[in-house]
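The structure follows.
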Amino acid sequence: MLRVSDLEVVYSAAVLGLRGAELSVARGSIVALLGANGAGKTTLLRAITGLLGYHNARITSGQIELNGSVLNDVAPAAIVRRGVGQAMEGRRIFGELSIEDNLKVGGVSVKDRAAKQQTRDYVFDLFPVLGERRRQQAGYLSGGEQQMLAIGRALMSQPDLLLLDEPSLGLAPLIVTQIRDVIADINKTGTTVLLVEQNAAMALSIADHGYVLENGRVGLSGSARQLREDDSMQALYLGGTIAVSENRS
Amino acid sequence: MTKKLWLVSALLLTFALFAAACGSSDDSGDSAGSDTTEPTDGSDTTAPTDGTEPADSGSDATVAPDDGSVEPAGDPEPAPGFDGETIKLGYLTDESGPLAILGVPLTTGSQIYWDYVNEELGGVGGRYQVELATGDTKDDPSSAVQEYQRLKDDSVLFAQILSTPPTQAVLEFLKEDNIVGVPGSLAGTWANEAVLMPNGAAYEYEMINIADWFVNDSGLGGVDTVQCVVSVNDLYGEVGLDGLEYAAGELGFELTEKRTMNRNDTDFAATVSALDQAGCEAVYAITVPREQSTMMAEAATQGFDPIWLGALPSYLSLLAGPNFEKFYVALDNPDFNDTSVPGMVDFLERFETYKPDSGAEPNSFFFSGYYQQIAVHALLEKAVELGDLSREGIANAMTQLGEVETDGLTAENYVYGAPEDRIPTSASRIFVYDPDNPPNLLTELALLDSELNDGYELGG
Amino acid sequence: MTDDLRLLRSAGARIGAALAVAAVVVTPLLISSDFWMSVFIAAGVFALGGLGLNLLTGYTGQASLGQAAFVLIGAYTAAWFGADKGWPMLLWMAAAMLAAGLVGAAIGPFALRFKGNYLVVVSIALVFVTVHVLQNWDSFSGGFNGKSVGGISLSFLVDFGDLSIFGKQFTPEQGLFYLTWIVVGLATLAVANIIRTRPGRALQAIRDRDVAAEVIGIRVARNKVIVFALSGAMAGLAGGLDAARVGFLTPGVAESQLLLSIRYVAVIVVGGVGTVVGAIVGALFLGPLPELVEEFSDKINFTVPLVDQPLLKDSATSEGIMSNAVFSEILFSILLVVFLMFQPRGLVGLWHRMVASLKRRGTPTDDAGPDIEPVATPH
Amino acid sequence: MDKFLQLFVSGVALGGIYALIALGFVVIYKATGTFNFAQGGFVLLGTYLTYQLAVEWEVNFYLSTLIAVLAMAGVAMLIERTVLRRMMDQPAFTIILVTVGILLFLQQLVPIIWDEPGLRFANPWLGEVVDIGGVSISHANIWTVVYAGVVFGAFALFFKFTRTGIGMQAAALDQEAAAAQGISVARSFQVSWAIAGAVGVLAGVMLTARGGDALTPAIGFVALRALPAMILGGLDSPGGAVVGGVIIGVAEVLTAGYLEYEWLGANFSSVVPYLVLIFVLLFRPSGLFGTKEVERV
């Protein structure tokens, strides 16, 4: 459903963010996008969702296709309307708004009220804690709860393709597991998921397919199983512990 | 989406069309205005501008105050602001600041006067064209000084310096450079400065006159009327108040409530309430037009309906409305429709001929700008007659100028000379608001020069 | 690193400094007009106040529209001590700096509490309150009627009010020109020193991330207060010099003082926010602008199509779309917007870019990239 | 007591004007996270536009106001489109300065288009007064309060219940995150500017009506006096703007009426708004009703 070919992204007209990245995501699957810091994972997501402009970056060559139509120059809002939702890196919830209003924001692109109501109930089903505290200011939620809200908010646009950027970042292992299970649940309802993670073990445990970005291009790809068993993967990312990431750029 | 786009475009187009229409509405009177820029076009101008012909010194200028008692001297030598052919006058006015509301019409009035002199008299002495150079002070001393410096070497004198702070700032430089300046404001203190050439009745006298008139002649009230005052916080307000307090003392009434206001004030609820509570039946308004209008609207709101007694700066016909019924004002100028005053007939005719083609109507500020130049003109004639347009020559001419005839445009003629010899005008005309008497919406009630004025010392 | 701390890093900078000094020395020898001297003194005053503002806004990231308040405070203090009390020049200068600096220090703590937008409004409040106090404190300021600054001393070692060097007699304006630009030069050195050394880096750390600066051990509170004081002091001195130029002070109305503050901000924006010489460049560019428009109005003028009228009015009654004064105000507003939109690094940034592209073309191996100071990101 | 009530009512009416102006500030702040100093320009230009229609072209007053409201909404959108759109990712202070530049620009348009130094408006309420329990209230003041109330109510509904309104709030907080949720940031900016332009016209018309119909370019600066009201209420809270406006208006009028000490100086009331503002901010740094900023490291 999503196909990225030979994508090159340049930051501030000088720094190369991506240099010929290739990727494809099949409908209904979970695809993991792995890689070290600065490998270009987030850049790729930004390119897909049209947010490069916010980072002084642009696509210089290559193509992004969603269901056969080119996404390269489409505005972010239009991309969401075409069925691409995302939970951004760093969650980026609206701390000053209530949980309910955060979800409302997520549902802005949906016109049908009943459908919106239904989605919201679904989100509250997935994350009961959000339902309980729906009138609270979102800024006061814990890190894990904020992540849940970020995912819930992304779901509000009823996406066919859900992009998740490091949902496990900085969370306790227990919560990571919880989130992983939710992702699997979401996928079961038919939503395709592109999961960006440093925590390769977590990601590959639910993914069907995986890509490893190195220096702005795909260094390694294959089915989740292949990757799990790959030696270099073992050495680099699956050292048995959850990779801890420190400063993000 | 497209519908919205159309709607928005249409509205923007409305705006654009409207702006364009406004700009081009000036074109309607195009034919009249276009040739004002060509001075030689005026057909019956006898004295050509090109020559420095010595023969023609006895001009036919109407404003020749001191009839030829002095032997005509030779042609004046070139001097700063005078190249032998053209006399340049400096104007320090507010073109883009808070007082642009006054500065722009004042300068326009002056320009009309000089357009007339250049076109119909062939210039000063029948041969020297006059050019105006304006500097924008923004009513700020700092800019005023800068503009003064820019204009001073290219001006024979400063024919108008608007508003008190710039005048105060520039005064020291005028003294140092011995350049004559005409203050656009009418504070009486200016009469004591050798380099300044004030004209019109000082604010102090205006207030004394209107108080005297109100108490003794108006039939509207007397010494027992509860009288109050609102004055603006600046030198104008201060000297006006000084004159009024003097008059109150002499006439034997109290100023029951005294309030002050600032320029740019937008709310007068408390002021009006205080005046109302004090039971004021008459309020002297030493104020400025927009604020005065706002204050009177608030008074109407609170049902406070006194007699208002104002001075020149507190009234602007453009801002006066139905709630001005009981507004009386002391002014120098005659009624705009009074054809018995020859100067006024001339003014209206010249205004019609030389006004900018924006369709402006004459009002007190255009008029002030116009008539103030009569004295400047007389001074220049005198200096030309004495054959010296240098700074010293003009300063000298002022000491010898004597009385300047204004053809009835001022209530009284100013007598110039060294500061100690000057006899400032002190008479005023009293007007009442009258919507049926356009363009200035005022009808003259009285012309008086209070006896109290003699006992009042200006700048005391 | 040690090289980095040196004041004049490159040969280019040294040549530039020498040229600037030469320009200051030579200008009064070439120009005798009181007018142009007055214009350049005023530009110097803008430069001085702008240097202070740049330290505050450009380097420390504290947004302020309050610079006019400090200028006013300095001007009145100078007038009070210099003209009324007859203190010698250095003393009234010190007093003007101290008074404005102290008020700045008093504002500093507010800046700790308020950020960004709020700080802007607090700085506007300062202008309103200062104007109000000056309007009413008659015994000190002369109130609404203003105050004469006649007889203020301009003498230190030499009398700048009556300057005579090698038998050449200078006008008071020329003398004040030298004085003003000497002060601007010294202030520039001071600012350059501050920002090239440790305290300056601390300031920039504050600008870039308040909380992070605290974490790495910069005492944000103390540094902010110091910067407000310094910035205020420089504006105060600027006010004192302007008082000497104008010779008369009025508090005016708050709105027009606010416009003055805006002019100070515009000076650094057009010159180059967060660059040492930005304020000077901006002041030399914007300061004389209205005067240049007046001087060259007939050259600028043209007939505007559609309405078929000249752009500028020749005289009050001639036709034309706007007066010179309105034109220069419009020009000013457009310049401000255009610089913010297209050249946020100001003229200095533009210059660096030109130099860099020239270098690149000439000697491709030259590694010296554009020597651009960090652009301010006040938040 | 009469005096107090009279002043109080006047203060509320003045507060209504402040609220109207502040609402214009708030809507842009809420959407874009910055001050829009050009609001004063909308007030100014919109009022002159209304004058042109109602007085010069003798269009019905209410219709003139409406046309001016729509035209200024258009002008504001145009400004947003041509200037502010390009500045979206700039620091707050930079954008403030741009709006200051626009204000200065708009202010100079008035002397270019309207040569007269002062003009007289023709509001239909002039001199109309009702007496309620010994307190007289002008129709203009009543209309001011009504307008402020209606605009505020419309705002509240708009932000709470429309998709655009919610989108605008989100865009103000985090443009990129909002865009990622499918909100067209550009559109919400445009809408907010249009609203601000429209509200500015109402504020200017009522301000002029209150001022006895005297119209001069000075009203462009009067808008600045509404800044304290906006901050006091909380930058992003329409309700706060209304409450802040009324508090400031009442405080200003009451100090002018009761607080008369020589040492406070003449017209102390003109700085009262700023003093009230600073005092309140010291205790509540985000105003009375503003959203607390959550500091992000």
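In this document, chain identifiers A, B, C and D correspond to the written order of the chains, with residue numbering beginning at 1 in each.
The rule we apply is simple: a residue touches a chain if its C-beta (ideal position, glycine included) is under 8 Å from a C-beta of that chain, and two chains touch if they have at least 3 such contacts.
Quick caveat: nothing in here was measured; it's all calculated off a predicted structure.
Chemist: Once the contact rule is applied, which chains count as partners of both subunit A and subunit D?
Modeler: Both subunit A and subunit D are touched by no common chain, going by the contact rule given at the top.
Chemist: Strictly by the touch rule at the top, which chains does subunit C share as contacts with subunit D?
Modeler: Joint contacts, listed by label: B.
Chemist: Measuring between mean CA coordinates, which chain is farthest from subunit C?
Modeler: A
Chemist: I'd like to verify one number: the distance from the centre of subunit B to the centre of subunit C, where each centre is the average of its C-alpha atoms, in whole angstrom.
Modeler: Subunit B and subunit C have C-alpha centres separated by 37 Å.
Chemist: So the centre of each chain is just the mean of its C-alpha atoms; given that, what is the distance between subunit A and subunit C in Å?
Modeler: For subunit A versus subunit C, the centre distance works out to 49 Å.
Chemist: Where the CA atoms of subunit A average out and where those of subunit B average out, how many Å apart are those spots?
Modeler: Roughly 73 Å separates the two chain centres.
Chemist: Among the residues of subunit D, which are close enough to touch at least two other chains?
Modeler: In subunit D, the residues touching two or more other chains are 108, 111, 221, 266-267, 270.
Chemist: Among the residues of subunit B, which are close enough to touch at least two other chains?
Modeler: Subunit B, residues with two or more chain partners: 23, 96, 98, 104, 233, 262, 264, 356.
Chemist: Where does subunit C touch two or more other chains at once, residue-wise?
Modeler: As it turns out, subunit C has residues touching two or more other chains at 135, 255, 321, 323, 326, 329.
Chemist: With touch defined as at the top, which chains are paired up in contact here?
Modeler: Pairs satisfying the touch definition: A-D, B-C, B-D, C-D.
Chemist: Report the residues of subunit D in contact with subunit A in the complex, numbered from low to high.
Modeler: 89, 163, 166-167, 169-170, 173-187, 291-294, 296
Chemist: Spell out the residues on subunit C that touch subunit D in their complex, using ranges where they run on.
Modeler: Where subunit C meets subunit D, its residues are 57, 63, 110, 113-114, 116-118, 120-122, 124-125, 128-129, 132-133, 135-137, 209, 211-212, 254-255, 258, 262, 265-266, 269, 321-323, 326, 329-330, 332-334, 336-337, 340-341, 344, 376-379.
Chemist: Considering only the defined contacts, which subunit B positions touch subunit C in the complex?
Modeler: Spelled out, the residues of subunit B in touch with subunit C are 20, 23-24, 26-27, 33-34, 36-37, 95-98, 104, 107-108, 110-112, 115, 131-132, 134-136, 138-142, 145-146, 149-150, 152-153, 164-165, 168-169, 172-173, 233-235, 238, 262-264, 354-357.
Chemist: Which part of subunit D faces subunit B closely enough to touch in the complex?
Modeler: Residues of subunit D touching subunit B: 3, 6-7, 10-11, 14, 49, 52, 67, 70-71, 73-75, 77-78, 108, 111, 113-120, 126-127, 129, 131, 136-138, 140-141, 207, 210-218, 221-222, 225, 252-258, 266-267, 269-270.
Chemist: Report the residues of subunit A in contact with subunit D in the complex, numbered from low to high.
Modeler: Where subunit A meets subunit D, its residues are 49-51, 54, 56, 75-77, 80-81, 85-86, 88, 92-97, 101, 104-106, 108-109, 139, 153-154, 156-157.
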